[in-house]
Amino acid sequence: MPEITSRRGLLFGAAAVSAGALLTGCTSNEPSDSKDEPAGNNQPAADDKPGKQVTIGFAGPQADHGWLNAINDNAKSRAEKYSDVTLEITEGSNDTAQQIGQIETLINKKVDVLVVLPADGKALTQVGLKAMRAGIPVVNLDRIFNTPQAYRCWIGGDNYGMGLNAGHYIGEKLKGKSDARVIELAGLDNLELTKQRTQGFDDALKNYPNIRKVARQAAEFTVESGQAKMAQLLQAQSKFDALWNHDDDQGVGALRAIEQAGRDDFLMVGGAGALSAFQAIKQDDGVLKATVLYPPTMAASAIDLARALGQGKGIGGMAEFEIPASITLYSAVVDKTNVDQYMPTGFR
Amino acid sequence: MTQPVSPPRDSSTDKVPAVQPPAWRGLMARADVRTLSLLGVLAALVLIGGITKPDEFLDTRNLQLVLTQASVIGVVTVGMTFVIVSGGIDLSVGAIVALASVWATTVATQEYGFAGILFTAVVVGVGCGLVNGVLIAYGAMVPFIATLAMLASARGLALQITDGKTQIVTVPSVLDLGERDAYVLGIPPLVLVFAVVTVIGWLVLNRTTFGRRTVAVGGNPEAARLAGIDVRRQRLYLYLLSGLCCGIAAFLLIVLSGSGQNTNGNLYELDAIAAAIIGGTLLTGGRGTITGSVLGVLIFTTITNIFALNNLQSDVQQIAKGAIIVAAVLVQRRTASTT
Amino acid sequence: MASEPPLLSMSGITKSFPGVRALDGVDLDVLAGEVHCLLGQNGAGKSTLIKVLAGAHQPDTGTIRWRGEGVTLRSPIAAMRLGIATIYQELDLVEHLSVAENVHLGHEPTAAGFVVRGKAAKESTAVLLKRLGHAEIDPARLVGELSAAQQQIVSMARALSHDVRLIVMDEPSAALDPDEVDNLFRIVGDLTAAGVAVVYISHRLEEIRRIGDRVTVLKDGRAVANGLPAKSTPTREVVALMTGRNVEYVFPDRPVSPPPGEPVLKVQGLSRQGEFETLDLEVRPGEIVGLAGLVGSGRSEILETVYGARKPTAGQVLVDGRALKPGSVRAAVRAGLGLAPEERKAQALLMLESVTRNVSVSSMSRFSRGGWIDRGAELGAARAATRELSLRPDNPSVPVRTLSGGNQQKAVLARWLLRGCKVLLLDEPTRGVDVGARAELYAVIRRLADEGLAVLLVSSEVPEVLGLADRVLVLREGRVVHTAPARQLDEHRVLDLVMEGSPAS
């Protein structure tokens, strides 16, 4: 199971969750004033019929970038859909001590279920245990606690799977091309998730003996670093066939560098599932051909799971009476063929 | 106090010596030992780059790339050098760059086009500098604290403006400046701005009363005050200047990355301070050169470039960066003490 | 005595710094229980020698024998372990720690090896302070709150808190009043009686006569005389050894009649709470007015308040009849005032900068247009100003830190000369200036006055005030107790006035 300490997580591609995605056209760069209703899907885990009233406590980190912002929006709008759900949401914080305090407050308020996206999974394990011992089931979102005892159900993305799927996608595209060269623009190197993504990517490429990874540089998930590192990579590699970029936000910078260098002789695959990436894929006039998801809709699913836990229900479409102990989302590849379906889940 | 037993040597700039020394000697004496040692480090790096990656490194495109990448942090470092020479510190530069870059790329601002973006970036930069300056000069706050507070607030405000989202620039005239073949006077526009800021910075520090006052305030604020210098007003101007440089840098960053993001300018404060320090600026104030700081920036950027071209990973890059800082400071101390 | 080896024997000590040979084969023998005086002009090598002795500098060559055995003083700690303690002129105390904490810094009495026993430290500190005749200093007070003299006592207590056999005192009397000097000498007497050796550095020959046993004279990094009898060697001989020539304090001639004209500087009812009260004085162009008083009489505070560096609680300062904005240095400078402060390095000089820049700093607008400096004009003007004052070396491009004390003072004077100021405020103008260079500085000051400058002079050395000033104001506890032409006063009379507050016939 991948351990996630994502600082800037990515999208996921849970087909189930995003299936009936609704709302928000968001097809242009023009920001709309209306609060976009985020992605989510129409099919709640248990069922839509109002049941027992459930109070869900939600604690997440500070929404200092697009993906985390989308996490909050997904959770909120999902909760609003249910007349039987009351959401107690805390001010996001990256400070471990502060987040512990917030969760303890929620425990004291005796919420029925907790959804926690920890700023730091390891550091918040104790407070997760505390909640569980107090009889409050915890849905652990994305960044995993140290021990399964600290949560009732974990739901999160699959970093290794992202790399794997990106590698397979590129491998299939370059099939038959002899001596194909691939480069990788990784995310922040001191995060474990970056290592997992690279590992998955490398493992996938092993299936394609005609492909060789010739370069890898790590950016910092920011536009600025994406531009800087990509510019250097382009200078270093005068010819290559494909690029995998771990993150669509830094991808904005990477695409800028590619444009500045006047290069269009390769295909690029992104990661996460930002709206700008979806739009570029749809337009299909640049190097970006696909992106691998790490979906923020997981927050909506977490609300669904929390509601089902609070009402003592299972997941619709599964034989079990109980909610599973862990759900790893699938890192779907979005390309031109299916981008319309995912467009509403894209985050800014 | 020890005093030279022999009369102090002439520094050769004014006295006409009896025997005219060879021209290169005069040049050597004029150019600071520190500057020469930095040039030596840079030359060594160029050699390493040229040996390891002759085709990719020794290429005009690559030169252009290095200078372009250096331009944003370079402009910030020029402002930072002034502040440090005056005995202060500005920890808020990265946050000001972030705030200026996102404020200048909001939908509302972009409607005003090129001028709107440039104007907003500069005004936000200067505005933040003004707040820093007033707090430090007239509020008697320690620069470290005042600019630390600005760092936090400006980052927070930048986040509030963007909501964590990336603001894509859609104004063509702005984007065009960052394109591959955009040249002004045969130079990429970003590099030109960097060069102009450097030259102006050098002139202001070395040839104007403003520069003199800056050095005096940093070298001995009490002596400066008793010599009749308005120390507080000078401090105010210095933080304004740093803010102005941040505003210009923010505009360059917008051009370069084609966007504004609240994560922009991450850790610029440390990069700028590091470049100034290896450039020979005293952290305690009273001495520093623009030339040294800019060479410091170029050294760091060149290292990054060489590492990227050789596909070395960021862990190695960081270790090397730390080692270079220590080595440069040690080399300088050695050369300074033996001459 | 002769059979026993000296307590300390240094021989052939050399020490070079880049470009300077600070010590060139110096010998020094110190016997247990003696006061060995070290004499020499600034830059003669005294400071370097005592730093070698304190383990702060390593000699390039030479040997050090301690009680007959060769030793290497690798660090200040090594020197301290042998029993060598140094009291530096610039006191090395931590202002934010208490007296007791400073005294025991680095060797705190501890329980279980690391728990500081604060009470024991305070008690032993109190004992030491009492021994030093300053039982009134509370060991719990912060050192920063103490006077300079009291801080010196603390520094001495720190030295004595070790098992000390040799104490080096670097100009210990410089910051002290006469009665405090007496106490210092009593302490030195007690120490030597107990067999402790004292290496005593001072500029003041009369002190050396009072307490010294033997004298070693340094000049240009060499010991030009070793172990002269302190009491019987003629002054002339000592001065000649130090300077290489025969000099005495020579004061320039005064003008025969007081200069005519309206006062350029008028101070009316100037007061600062707790420092000085209702001060009135006038200085005419060409006149030197001296303020005489003890440490703590408010002398420096008066000058700094006149200059606007401190804000008065009452009264005003007028230049050419116009009142200055109170508490504004810039207003004072614009009106034509210039200050040569007491602490030249801390308050006047930009030590990293050249002489030129130090001289031009207050007149930059004269060489600049639109903020742009004409460096040629600047250099020329600085050269002219420094030449007029015979500043050595005759090269304004050298760093000001390489100058001697007297020449640094000239650089400060040149700053105001260049500025074209009308009133010069001099605070201890010869502090840290060699004996040989003083006469020249006096002549410079008088010449500036003769050229029409008004000078207000403060000095703790009464002969200097009497010799240089035209008119003297005697201060006591922040009030003027007597005003008279300098020629009508003598040192004895002034001392009576400052001690007693009234002329003792």
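Structural remarks
The chains carry the letters A, B and C, assigned in the order they are written, with residues numbered from 1 in each.
As a convention for this text, a contact is a pair of C-beta atoms (placed from the backbone, for glycine too) under 8 Å apart; a residue touches a chain by one contact, two chains touch by 3 or more.
The chain lineup, named per UniProt: A = Sugar ABC transporter substrate-binding protein; B = ABC transporter; C = Sugar ABC transporter ATP-binding protein.
These numbers come from a predicted model, not from an experiment.
Counting steps between touching chains, the shortest path from chain B (ABC transporter) to chain C takes 1.
When you average the Cα atoms of each chain and compare centres, the chain farthest from chain A turns out to be C. One simple way to say how far apart two chains are is to compare their mean CA positions; for chain B (ABC transporter) and chain C this gives 42 Å.
One simple way to say how far apart two chains are is to compare their mean CA positions; for chain A and chain C this gives 71 Å. Computed centre separation for the pair chain A/chain B (ABC transporter) is 37 angstrom, with centres defined by C-alpha atoms. Interface residues of chain B (ABC transporter) facing chain C in the complex, by the touch rule stated above, are 1-11, 13-15, 207-210, 212-213, 215-216, 219-220, 222-230, 286-287, 337-339. Those residues of chain C that touch chain B (ABC transporter) in the complex are listed here as 17-22, 24, 42-43, 45, 47-48, 220-221, 307, 309, 329-330, 332-334, 339, 341, 346-354, 357, 360-362, 364-365, 368, 371-373, 375, 379, 383, 393, 395-399, 402-405, 415. Within the complex formed with chain A, the residues of chain B (ABC transporter) that make contact are 53, 55-56, 59, 61-62, 65, 68-69, 107, 159, 163-166, 168, 170, 178-181, 253, 256-259, 261-266, 304-305, 308-311, 313-315. The residues of chain A lying in touch with chain B (ABC transporter) in their complex are 29-31, 62-66, 68-69, 189, 214-218, 220-229, 231-233, 235-236, 238, 249, 252-253, 256, 259-262, 274, 276, 347-348.
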